[in-house]
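In what follows, structures are represented as structure tokens.
You will see subunit A twice below: alongside subunit B first, and alongside subunit C after that.
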Partner chain A sequence: MIDEKEIFEKVRESIVEALGVDEEDVMPSASLFEDLGAESLDLLDIAFRIEKTFGIKIPRSGIQQDILAAEGIKEEDVLIDGAFTALGAQKLRERMPEIDKDRIYAGFRVDDIPTLFTVQTFVNIVKQVLLEKAGAH
Partner chain B sequence: MTIGTDIAEVDRIKKLLSTHGDFISRVFTKQEIAYCQRKKNKYQHFAARFAAKESVMKAVGKGWLQGLNWTDIEVINLPSGEPRINPRGALKKLMKQAKITSFMVSLSHCKEYAIAMVVAQ
Partner chain C sequence: MKLKDKVAIVTGASGGIGKAIAMHLVAAGAAVVCNYCTNRQKAEAVVQAAREAGGSAVSMQGDVRSFAEMETMTASVVAQFGRIDILVNNAGITRDELLLSMSDKDWRDVIETNLYGAFNSTKAVAQQMMFQKKGRIINISSVAGERGGRGQTNYAASKGGLNAFTRAAAIELAPKNITVNAVAPGVIETEMSQEVMRRAKETVMNHIPLKRLGTCDEVASLVVFLASDDAAYITGQIIRVDGGFRG
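Coming up: the complex of A and B.
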């Protein structure tokens, strides 16, 4: 199992290549959209590079589905008209502990989740996929 | 009724298609690929379809990490050339949940950019 530092280094390399940013700017807490100037297409580019580097597939099942599946709760308890309820916001904060808690609030829109993404978010996704992959063997 | 819109840079799509071998098959359906490949400005057509897919995701409120595959949203063209959204797989399911019966789509592109506008109703 590769360690988190190694995952971070490789994720950083993918982000540097995709965005053409300086390596020292790609800190774990850096926001891809706000700090590194990424657009939604860049997230796709980064995800494809990471998948190639680690030989994994980033699941399309989604953060939102994780929240529902983990708790066995109804969608309307956490999400109404595409926006998180107070309970949904709490669950999202738990699911994305790397994100500043103030950025996730009741009324936060599910399609704005990618704007929350930090470098650490991708590190966590890779870590989770690698753990699941190791567990499956 | 909800709306979604998106703009895609033609050169970025061209770069992604050339950098990532499986980008084309993971994002576009066979029918979309065949349609775009026939066109002289194929990257403009790929970019317009990409913008349409993003617009549908915005209209239904689910981004690419929230459960929809790109190929669940297919852009087809009527014999007149008018584009239509052909929902597949997870999008069909999602439409039922969200009580969406159809989409309206409008596309436009030039050398540099392609845009799409989608209404879900």
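Coming up: the complex of A and C.
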């Protein structure tokens, strides 16, 4: 099993390659959109590079789908017209512990989830996928 | 040679325009992957002609209607050549029929090949181009996409959609230095146009100020230009090669 430091270094390399930013700017807490200037296509670019580096497939279903699948909750309990309910926001905060809790609130729009992504978000995704892959064998 | 050491995929390379595009890309120095769906013999003939002209070419089967097959083909090209610089979405069919007589199958087949095909291959190849931070995508459209044509609601819809896809994809992929343009041929001397000419030669000629059909080479020349660094600042454009077709 790869340790978190190694995962971070490889994720950082993918981000540097995709965005053309300096390595020292790619801190775990750095926001991809706000701090590193990424756009939505860049998130895909980073995801593709990470998949290639680690030999994994990152699910494209979206974090909101994970919430519904994992908890067995009805969609209307967590999402109304594309915005998280108070319960939905709580579940999202649990799913994204690396994000400042104040940034996720009732009314937060599901389309804005990518704007929350930090470097650590990708590290956590890789950890999760690798764990699931190891658990499957 | 403007495309020296570049690797190009041409979908539907077994037809008249596809062959001309492959030959012109090879003459410009590119290694060319001639994709085909069912016509292996014709695709191999294009490869043979390219090699006899001193170029590098291979054929690869893959149905553009299937994203999985386009993904597999892309992986094979990368495995063999290490890169993909140019994608020419040339695969296209016609199933002409008056709207009120057109079958669902004829509608779907044309949309799935001409429009879905470009979506599938572009989606598969663009990822590799993103890794390379550079790419050239050229869609072979048609003047029918803008002006329609009797008996061609399916074909015109597919090419009109391809034009819109070109513009949208150009905007999306520009940040990754991938240009996306379309070449819209008018009436070109090919097997596909022979039926059109048989039915309506005088009508067609009345609409062409240059009073002749275009050649496959004239379409291919524009494709090579758009694939080259000379066209690096051109994206999202639909460029007609049609002798001034009007009316």
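Keep in mind that, in the parts below, the second predicted complex is superposed on the first by the 137 of 137 C-alpha atoms of A that agree within 3 Å, B and C clash if a C-alpha of one lies under 4 Å from a C-alpha of the other, contacts with A are read in each partner's own complex, and residues count from 1 in each chain.
Note that a residue touches a chain if its C-beta (ideal position, glycine included) is under 8 Å from a C-beta of that chain, and two chains touch if they have at least 3 such contacts.
Everything numeric here is computed off the predicted structure, so don't read it as measured data.
On the superposed subunit A, the two partners subunit B and subunit C do not both fit; they clash. In the superposed pair of complexes, A:D45 makes contact with subunit B and with subunit C alike.
With both structures placed on the common chain, the touch criterion links A:G107 to neither subunit B nor subunit C. Once the two complexes are overlaid on the shared chain, A:G37 sits clear of subunit B and of subunit C alike.
Looking at the superposed arrangement, the partner reaching more residues of subunit A, out of subunit B and subunit C, is B. In the superposed model, A:G82 lies in contact with subunit B only, and not with subunit C. Listed for subunit C are the stretches 24-32, 42-50 or 168-176, of which 168-176 clashes with subunit B, judged after superposition on chain A. Comparing the two complexes, residues 41, 44-45, 48-49, 52 of subunit A contact subunit B in one case and subunit C in the other. The touching residues of subunit B, counted against subunit A in their complex, run 6, 8-9, 12-13, 16, 19-20, 22-23, 50, 54, 57-58, 61-69, 97.
Within the complex formed with subunit A, the subunit C residues making contact are 127, 130-131, 172-173, 175-176. Listing the residues of subunit A that touch subunit C in their complex gives 39, 41-42, 44-45, 48-49, 52.
The touching residues of subunit A, when paired with subunit B in their complex, are 40-41, 43-45, 48-49, 52, 58, 60-65, 75, 81-82, 109-111, 113-114.
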